[in-house]
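In what follows, chain A forms one complex with chain B and a second complex with chain C.
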Partner chain A sequence: MSAPESAPETRVRREHRTPPRKPRPAPTARGFSPLRIVGMAFVWLFTALNVVILYWLVTAAFKTPIEIFNKPFHLPYTWFERGDPFRNLRYAWENAGFGNAFLVTVALVAVSSVVIVAVAAPAAYALTRLGVRGSNPMTNFFAIGMGIPFQTLVIPLFIGMADLGLTNNLFGMFLVYVALSLPFTVFLLTGFFKSLPDELEEAAAIDGASPFRTFFTVMLPLARGGLITALILNAIGLWNETLLAIVFLTDNANFTLARALFTLYGAASYQSEYGGLIAGVAIVVLPMLVMYILLARRIITGLTLGAGK
Partner chain B sequence: MAASPQTSRPAPVTSPEADVTSAAGAHLVRKKRLFWPFLLPAIGLYVLFMVVPTVATVVLGFTSWQGAGDTPEFNGVGNFTELFASDAFLYSFLNTLLYIFVAGVGTFLLAFLFTMVLREMRGGKLVRAILFFPNIVAPVALGMFFSIIMIYRPNRQGLVNYLLESIGVDAVKFLAPENVTWVVIGCLIWASAGFYITILMAAVDRIPPYLYEDADIAGATPWQKFRNVTLPLTWDVIGVAGVLWTIGAIKIFELVFVLAGPGTYSPPIESWTLGLYVFDRSFGTAGSPEYGMACAAAVMMIALVSVLVVALRRLMRRETIQF
Partner chain C sequence: MATVTFDGTTRYYAGNPTPAVDTLDLEVADGEFLVLVGPSGCGKSTTLRMLAGLEGIDGGAIRIGERDVTNLPPKERDIAMVFQNYALYPHMTVADNIGFHLKIAKMPKEERVKRVREAAALLDLEQYLERKPAKLSGGQRQRVAMGRAIVRRPQVFCMDEPLSNLDAKLRVQTRTQIASLQRRLGVTTIYVTHDQTEAMTMGDRVAVLRDGILQQCDTPIGLFSRPANVFVAGFIGSPGMNLIPAAVSGESATVGGMSIPLTPAQRAALTSDRVVVGIRPEGWSIGSSGVSAVVEVVEELGSDQYLYCSADIPHVEVAESAEEREAPHAFTVRAPGMSGWHRGDKLALTPQAGAVHFFDAATGDRLPD
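Let's look at the complex of A and B:
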């Protein structure tokens, strides 16, 4: 509604025109151009496709292979009629070791995410708020780590870890996960710490709080939102991590869910155990779905934060 | 680099008589003394687990080395000439470029199309949230899901062929080696679109609405609005998104491994990516390992990602627009 003369410094090309005679149509009236209709139809179709895919996944987890392939859109019935509706989930949970993998993954992901944030938060604080020269190059040095594909470091890392007896070992996996998640987490948290106001820190200093205490009692609580976001994003990333788990974990007892799923795939497609396989996929995906439904906004803004700046 | 913390003078914490400026100065010194203790755990782990292994990979890329138990021996650029003479590597390299460029262009076109429509659409937030979800699903799970719905097996077709046959179209062997790269590109576009839509939409949402109102008054078509308002004002974000895409696309591995192959060992070489090549030559179960070659291929990955990111930043550089 503002005057058309505004924003002269933008590169927006605009022809000089006399003001239109007719007033702009009401917002409800526009939007019936054919292009828009087609565009909106496409967007909704694409969105509907995603919902259908989710429906297919959840129902298929309760179906027999014949139902999966011949009645893809029906609700499951065979296992229900036989009085064993959770047969596929049980297969994955018991026969394919997903029960154990679930516990391993929950523990590993929880401990790793907490430690990642505990290590990254002081580093991000040091890089942004202590006014030390060289902080910026150092931050960039961390950021480069986000661009290193894991394939390029996994071979020497594996050899080194094997020498220390830390391969096929959950503690070794934990160390690898913590270290390799640091670049992203430090980078994410520097953004949060940068955005905090100076005043509270100064007030704490004037009140005689030591810098150490200022960090713990003033800055950390202020950055709580960022810390929680970092925690969630790391938990999601590690829950889904597959490549490193394939390389470092070889014993079924140590398998994480993604690793167990990877192993199940070969065996299940060979035996046409598609019901069990989809149940396995569902066990990996559904916790993420629950988390996403609860925390969608935080996850989306956290993951896309770096790009918007 | 910062002054070493040991050289700073002792802080007069216990003297309440110290005047304000020296107290403030002392506080600053004490603050700076936190730098290394706070940074050291993170930077130590980062250097030890990421920087050192990456440098080691670069060095080992120039050696002939079978794997554990064998000693690496320097052999110059031998690995690289061998790489470029091998079909497996050439397929890997070509496919990786396809994923970066074809899937990248596809994803960005789709994302742009969505931003054009979503900007003035009701329910846009919901659409964005739904489209974003595949980004937090394990690629290995996505791959399995797609491999099941794309199975080609007469009479018991996967979902996609089931739909094709139900509308009278012949079923397609989606997962055959000659097709699978294009299938993965499609899956990749589908799975990543939500992320890039969100990034671009966040940038679009910051554009002052009066610019669009102006454009409306001037009678601009949606394309003109996109070309002359949206594109110039989101240029920087597009540049960053392009870098993120390149970094993500270069390490594609699980999706291809699961979709193109049986899952227990590597798929046919026609479908390989650089990430898959490195894995197959080191930890993959097919054939005997060749760690030296795997490291050389990994060096190619680093080289490719560096060149592309630098080129992209150059290409996208221009004066910032204030708005």
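Let's look at the complex of A and C:
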């Protein structure tokens, strides 16, 4: 068959075809394997469970204790009928001292997270990039730090901090948070810096940049995704941190949200104010949930970036 | 502008007892375009990186002009480098990429902007100055990398396979652009490539390396017409030279029943009674008598036709790795384009006068003419 003969035929066929609504998947991706079905079922079940819990938490924050126990999955109505739907939230905010705790927590979490990343980033850069002697054992040392549960350190830490007069002190709390978060953050960021190409550093060296300048003007902007991930993960972790706050903070004025919630728990269960207690939980949990939803994509790409490439 | 001198330069890599570059002696003249070429792992990139200061030097020295730069950091060598993957700073605009060195060198902003504009104009990049590298095509990125080098007006350009990420057509265009740009600027240039066509078309001189050892450094014509040994003979030229081992008896070598005479000087230089006869594909005449061969594959290029033939004679493989080796045919013969040869045709081949190269089979070295 010669080319001129076949040309009109193709033209006719082109006019009559309609594009598929969805392009066909590759043959390998088609069909259901048992693993896929089990996996999908598990993921959906897990998601459903979490959605139910979230639904229960949010609705219970607007319910009376009777409603919570008798009609756990109904929508709240008593407080709405009485024309005071936010009564539980008001109770929690007023009784737990959340106003002050909120400010304390925001400041403590923000300063700690920024300082953690500011210390961990140069450390991770030096460990991965500068060819420092013994950098591999040192990186492993940080990884070991990640493997030690901080709960085992609480008592020695408390004694040490008490000797320094830094218990019941937000600066002391800040030091503890930074120190305990460093292993994970350094480890996360070493993965990040490792994934950056060598040529950029070499190009910077030939352009005449000092290691210091290379770090700040070339490598740090490239690692921005990793730094933001580290910042967010630390912020979420510290926001929710309760045990250390209970151990180290004794004065109401220094309470973080999680610590204040713990006090509210005692008071509210004594008064059977379960609606108010759950409203308190919601106040602590929801800001982080919103932040996570907004930033989830960023966190996930950040966590896996070091692994690929 | 300056000369570049490698003086017994040697580089070892950890865990490998044989050097990656072994006592390299090489003089590059002021303003010269020198191409380092060789198969992968031959030490050509290492040589360039030693010159750039990105690689330590374990023995010998490197001088730029009269200056011994062996132990100087890259920024004090007054060199610029174009990387294989360009190594553009992805978070900076094209203008910032090109001007980064000038900014570090604390050049006043006005002059810096002027220099960047000049470089951009030279490379046809003016309308892209505010873009980030991610928004550029491969060819444009390559030009930005060039711009970053030329804006510095260095003594030496180091180029590490700068064209290998471009598609074939763009590579041919950019090849001539780089060569003409280099001649216009007159900056001494060391250019690394594994592509012998690039080497032959761009370089004033070409240095062929193998296993860290310099095989030959000569003009492209010199390399092509008088290869110093079997390796260079097989590496330079595409398709490669036909290399046929042969026994010497009396005054001539015997190839497929045909005897080719050796000069007295060649016979005197021979260390054994075996030679390798080298004949390029274009060095054969197809006639009625001579070495008989059967056409296995016909490669029609329009202007030329390459006939890959089998014959009942042994042949020498030069390249070790499978991807560098050409099809396992005894002979490659060039015929005029559209000659009408077909698979299975029988040929009788005789070498043309002056087209025969002789190499010592034991040492691989070229025998004197």
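Simple rule for what comes next: the second predicted complex is superposed on the first by the 251 of 309 C-alpha atoms of A that agree within 3 Å, B and C clash if a C-alpha of one lies under 4 Å from a C-alpha of the other, contacts with A are read in each partner's own complex, and residues count from 1 in each chain.
In the analysis below, a contact is a pair of C-beta atoms (placed from the backbone, for glycine too) under 8 Å apart; a residue touches a chain by one contact, two chains touch by 3 or more.
Owing to the predicted nature of the structure, the values given are computational and were not obtained by experimental measurement.
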Practice problem: Would you sort A:125 into first (chain B), second (chain C), both or neither based on which partner it touches? | Solution: first
Quiz item: Which partner does A:84 reach: the first (chain B), the second (chain C), both, or neither?
Solution: neither
Quiz item: Touching A:236, do we find chain B (first), chain C (second), both, or neither?
Solution: first
Practice problem: Return first, second, both or neither, reflecting whether A:205 touches chain B, chain C, both chains, or no partner chain. | Solution: both
Quiz item: For A:94, is the partner it touches chain B (first), chain C (second), both, or none of the two (neither)?
Solution: neither
Quiz item: Who wins on chain A residues touched, chain B or chain C?
Solution: B
Quiz item: In the superposed arrangement, which partner chain does A:175 touch: chain B (first), chain C (second), both, or neither?
Solution: first
Exercise. Enumerate the residues of chain A that count as touching chain B in its complex and touching chain C in the other.
Key: 205
Quiz item: Along chain B, where are the residues that touch chain A in the complex?
Solution: 1-2, 24, 27-28, 30-39, 41-43, 45-46, 48-54, 56-57, 60, 68, 113-114, 116-118, 120-121, 126-141, 144-145, 147-149, 151, 153, 156-159, 162, 193, 195, 198-199, 202-203, 208, 210-211, 213-219, 221-222, 228-229, 232-233, 237, 240-241, 244, 247, 250-251, 253-254, 258, 262-264, 274-275, 278-279, 282-283, 291, 294-295, 298-299, 301-302, 305, 309, 321-323
Self-check item: Parts of chain A lying in touch with chain C, wherever the complex brings them together
Solution: 197, 199-200, 202-209, 213, 218, 221-222, 224
Self-check item: Residues of chain C defined as touching chain A within the complex
Solution: 52-54, 73-75, 79-81, 83-85, 87-91, 100-101, 104-105, 148
Quiz item: Any idea which chain A residues touch chain B in the complex?
Solution: 1-2, 4, 6-7, 9-15, 17, 19-20, 24, 30-31, 33, 35-36, 39-40, 42-44, 46-47, 50-51, 53-54, 56-57, 60, 65-66, 68-70, 72, 119-120, 122-123, 125-127, 130-134, 138, 142, 145-160, 162, 175-176, 178-180, 182-183, 186, 205, 210-212, 215, 236, 239-243, 246-247, 258, 261-262, 265-267, 269-270, 274, 277-278, 281, 284-285, 288-289, 291-292, 296, 299-300, 303-304, 306-308
